[in-house]
Amino acid sequence: MIEIRGLSKSFVGQDGGRVQALSDVDLDVAENEFLTVLGPSGCGKTTLLKAVAGLVPVDSGEIVVDGTKVRGPGPDRAMVFQNFALLPWATVLDNVAFGLELRGVGRAERQERARALIAMVGLAGFETKRPAELSGGMQQRVGIARALAVQPRVLLMDEPFGAVDEQTRRLLQEELLSIWEESRLTVVFITHSMEEAVLLGDRVVLMSARPGQIAEIVPVPLERPRARSLERSGKYAEITAYLWDRLRDMHEEHRAAR
Amino acid sequence: MRARVPAAAVSLATGAVAWELIGRLAGVSFFPPLSTVAVRLAEMAAAGEILQSVADSLVNLLIGFTISLVAGLLVGVAMGRYRKVEAALGVYVYALLTAPALVFAPIFFSLLGDGRGSIIAVVVMYATFVIIINTASAIQSVPAHLVEMARSYGASERQVLLRVLLPAATPMIMAGVRLGVGRAVTGMINGEMFIAVVGFGHIVTEAGGRFDSASVLAVLLVIIAVALGAVWLVQAVDRRLTGWVPQTSRGSQ
Amino acid sequence: GVRGTETNPDGTLSFSIAVTEPDITTVPILAAVDVVRQAGHKVEVVELAEPELAIGGLAEGAYAFSAEATSPALSAIEQEAPIRIVADAIGNQWAIYGKSRVTCDDLNGRPFGIFSRGAVATAMTEEWVRTQCTGGRKPEYLTIGGSDVRAQALVAGEIDATALELADVVALERSGDSSFTQVVDFGETLPDLRPQTVYANTGFLAEHRDVAQLFVSALVREHAKINADPRHLVSLVKTYLPEEETDDVAEIAERSVEAGLFDAAGLTERNMQVTIDFFVRAGVIEPGMTAKDATDLSFIKAAA
Amino acid sequence: MTRRGHLPYQLLTFVIFAVSWEVYARVRGGLLIPTFTETVGASVKLLGSAELWQALYASNQALVLGFALAVGVGVPLGIVLGRFRTLERFADVYLNILLVTPMAAIIPLLGMSVGYGLAARVILVAIFAIVMVVVNSRAGVRQVDPSLIEMARSFGANERRIWTRVLLPGALPAIMTGIRLGIGRAVTGMVLVELLMVSTALGGLMLEYRGLLKAPQLYATIVIILAEALLLISVARWGERKLTGRSVR
Amino acid sequence: MIEIRGLSKSFVGQDGGRVQALSDVDLDVAENEFLTVLGPSGCGKTTLLKAVAGLVPVDSGEIVVDGTKVRGPGPDRAMVFQNFALLPWATVLDNVAFGLELRGVGRAERQERARALIAMVGLAGFETKRPAELSGGMQQRVGIARALAVQPRVLLMDEPFGAVDEQTRRLLQEELLSIWEESRLTVVFITHSMEEAVLLGDRVVLMSARPGQIAEIVPVPLERPRARSLERSGKYAEITAYLWDRLRDMHEEHRAAR
């Protein structure tokens, strides 16, 4: 579904300094795969996701989604943004319906779909509020609802549950999994929670920092549906512990190198 | 980064060529080609007519604009920050923005006489209110959470103003200042044309009376050059102050 | 003392006079100012954009003299401003020009250029239309500021006719465009109307009679010299308005002298009364003003 | 604070303003400076005269058309310039020239090229107002959070949708500031063209009153023109509130 | 140190609706206590913290810090904001030094202190960057460094580690604890991670939603210093499990109520 070949990207800062955000990244994501991404803060996860979304021009390498080279955003992909990116002047309802509106869905239909998703993320009753009137976690959920509303084939999620409480997170995870299972959705999901990465992912991509590279790809051979009880299984603990060690090593290496 | 084409120079040159061509093709007395105007300008400069006027007018401009800038920022910030001030002054600011400044000539005369004072007053009338209005609305649209953050660190009202509101409002304020500079130049020339007829205003009025378009346009060229210089100065300051603004624009890489 | 006037330690005076848009009709006044200066006085000539500003300053004493349209002076005097008309600046130089062979009736509903209502040329035009057009016919007035601009508009075909100053008439004729002729010459139909006069602040007149007299006498002499030889006007223009084109000026000078336009001392109670009555008819001032109220003719009498 | 809470401040400044006008005019006023009370009296009288309303009607034709032109051209132009840097770098000079050129000096040129009719007045009003709209729209667009544009693009927004759904609403406060400034300038332009080029309508009235040294009527006319401008500006504010649904101060 | 009595706060939305964010909250925080706060998204945690910071006017009730009634912000308290609230025009260095600058600390000293804290949060080398050039996690760390720089007596932290990876989070937790132990700092710390709440807190405050109220205060009787190995202790597991159950119940009650 997604093929990434030799992807590199660097930013030239306003102070003249150059930051290598991604360096020679290769990655394949199969159709209907749930891929989770872990890595230290600032290692290039967001940059990678935006590149797949077609939002940042890359320096070299190419990204092919479903056989077509990515040259910009497309209706096959939708993104949940780390910083939410809500329209401050629009209500919750309009924000959630925004993606649908851009795709030309009629008013009645998009409002109906938006309302359903707002209810799903637990924001029923807040339809007419503006982002500034919501708590951080509520804003994040609006961003999630907006992306789900357009029913993309590839869903790119950047720390989507970072600001919600554990219970809401579980709930949203379940909703996401059920949507993913029903449709033939492909998901790339950035998180800082190893538990979440293992619980949700078919494979976990470990990224290392400066320059951002793929350090390792860890398969998660746990059958689905994965119950919560899995968390107490040996396999689960093993993978999580492995990830934990790998990331700690990367982290220490990196600190030592400075 | 590759070397930039000096865009202004290119578009000015294009404009100049277009002017010359249209002037030659049209062949009407009221729109002489650029070359004719340039020759006229050289003659006037040689006769010393231009230089004295430039110096005189620039002094008016400088004094008037400085007053406008200071008053504009002070009043603008006060109106943007305090609703009471806005309530008290808003109507008058908009009224004075709208009022053709020339109708106040008798009042300036009565207050300041027919000399430099009145012309400077016209410059101030022209430039101040744009700056006030833009500054006020710039201050009002600063994101509230930044002010909140500063207050949490014990920022005094002055600090909130200087360290948060003003920097955050700078892009819009500078847009106003830029409009203000342009208006100040217009005020300067109009003051010299419609109040006490001196300097550039004198040359334009006289040449206009003779239907000497070449002279009018020659003087206009000088005025525009002066004005562009002033605006560019403002923009240079603007770029320094607002380099941080993340780009909304495309095609800049 | 008078606000804008100062007496210097050596007994000479410092004062200002105001002019608006100096043109060929203003140069004799500038020459007269130079005569006053030669007597040791410091005279500043302030150029203002509007006659009303000059009148305002005159009323306050900021200026000792000014010379422009008569009507605002009369309005000011009517409002008891300390102003008196002391001499004539230029006689009635206005004429209506239009397309060849046009009469008032032909202009019915046609665009006719005027300045604002209340201006003297407009007033004369309206009176002409009232008396000359038959059956309530009248042109469609299109207001365009300035005689020079109206001349351009006439050439451009924007208007069918308009009232013009002598200078613009000459310019129009010299342009070689023969499709325009004079429809009526107000100098002939209203010879006693004084559209443009010299006026002064009464405080100044009372306190500095000698200097005022010096100025008025010099003006009268300049006008006399012009009437004796139109080339004098040409040389004055060369001195005071070096930018003006001399060919036109010579022609204008000839024609002005022919029409007797330069006659500062020609102001009398009789023709002032005619002027006042005209402006009353035009609605500029209320009835009741007499020539005595508005003028101080003692200076031109003494100058003669 | 409620809008009603502002009233005392508005009243206070009004009283200060009126009293200082009255006092100054009584002490120093001359032929050309009427007192406040005279002006109020003249305004009331004028409002009852048909002449004024005809003049208002005639003047406003140019205002409405010219201002509509300025907004219709100015807002898109400002957005284009804010969004496309390259274009802006080339167009900037001309915007500056437009901003600084003394219109009074080009009025004769305009008259000679398009005549003295409604067209000339409309063009002049538009020229007066457009710079304010363009410069502020551009500044507004620059302030729109770039991540919103990125977001819209990720949902497949084309350039047009980015304009109408992100840039325009995001820049709206600044655009509306430009529009309010533009209204003020347009009214000035409307009067000035009548004063300097074709002395009809309101400008004609003002010239007439000035020529006759009827200062109270002259300033009454100005007061009425300003009242109109203020009215239009409040309508713009009201529209802005309606448009955004948020409270605009 | 902090006494909160009968605190209530409601917001009137622009759509006219009224949201009761806090209702009759009573809470005491002892000097040098480390208090953690857990609660569903939108329950009023941020509002409570801002009230203590003196940033939101309350409807009724009062807050007393160190014997003085809170009427506004004070130099004794510093806050880490959920949405970071960085100055977009200032560099990382200037952002971190901002609090010090406002308090009149001289240029040389504040830069030195800022640099030390930037290094501590792992951002050495990014001093001259602007916020827009940083990843989400990096921005969050700038906000943390800024608050620590002013050495407050009360530190109010609103989900401060929500956007950083697990390793960085641990590191920052340790740094925070060592600062807290050395100084006599009082900390109120909002988090969505139960593990974090137990690991760091002397007591855990559980809040429930709509209206925001304190449901329960759970003491954490684990001795300090708390090693990571604690995570495998029975006591720790017990408390975490209890919190988990309580929050799930609250969550379900709330969903049922809708």
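In order of appearance the chains are A, B, C, D and E, and numbering begins at 1 in each one.
Following the convention adopted for this analysis, a contact is a pair of C-beta atoms (placed from the backbone, for glycine too) under 8 Å apart; a residue touches a chain by one contact, two chains touch by 3 or more.
By chain, UniProt protein names: A, E = ABC-type nitrate/sulfonate/bicarbonate transport system ATPase subunit; B, D = NitT/TauT family transport system permease protein.
The structure presented is a predicted model; accordingly, all values stated were derived computationally and were not measured.
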Going only through chains that touch each other, what is the minimum step count from chain A to chain D? 1
Tell me, please, which two chains come out on top when C-beta pairs in contact are counted per chain pair. B-D
Farthest chain relative to chain E (centres taken as mean CA coordinates): C
Rounded to a whole Å, what is the gap between the Cα centroids of chain D and chain E? 49
Using mean C-alpha positions as chain centres, tell me how far chain A is from chain C in Å, no decimals. 84
Taking each chain's centre as the mean position of its Cα atoms, how many Å separate chain B from chain D? 17
Report the inter-centroid distance (CA atoms only) between chain B and chain C in whole Å. 38
Contacts with 2+ other chains: residues of chain B: 106, 109-110, 193-194, 244-246
Chain C: positions in contact with at least two other chains: 50, 52-53, 56, 60, 152
Multi-chain contacts only, two chains or more: what residues does chain E have there? 14, 83, 130, 132
Of all residues in chain E, those that touch chain A in their complex: 11, 13-15, 17, 19, 38-42, 45-46, 82-83, 91, 122, 124-125, 128-130, 133-138, 141, 159, 162-169, 171, 192-194, 244, 247-248, 250-251, 255, 258
What residues of chain B sit close enough to touch chain C in their complex? 105-106, 109-110, 113-114, 193-198, 202, 205-207, 209-212
Within the complex, chain A is touched by chain D residues 145, 147-148, 150-157, 161, 165-166, 169-170, 172, 244-246
Looking at the complex, which residues from chain A come into contact with chain D? 50, 53-55, 72-75, 77-79, 81, 83, 85, 87, 89-90, 98-99, 101-103, 130, 146, 150
Which residues of chain C touch chain D in the complex? 50, 52-53, 55-56, 59-60, 69, 71-72, 75-76, 79, 81, 115-119, 142-145, 149, 152-153, 156, 158, 284
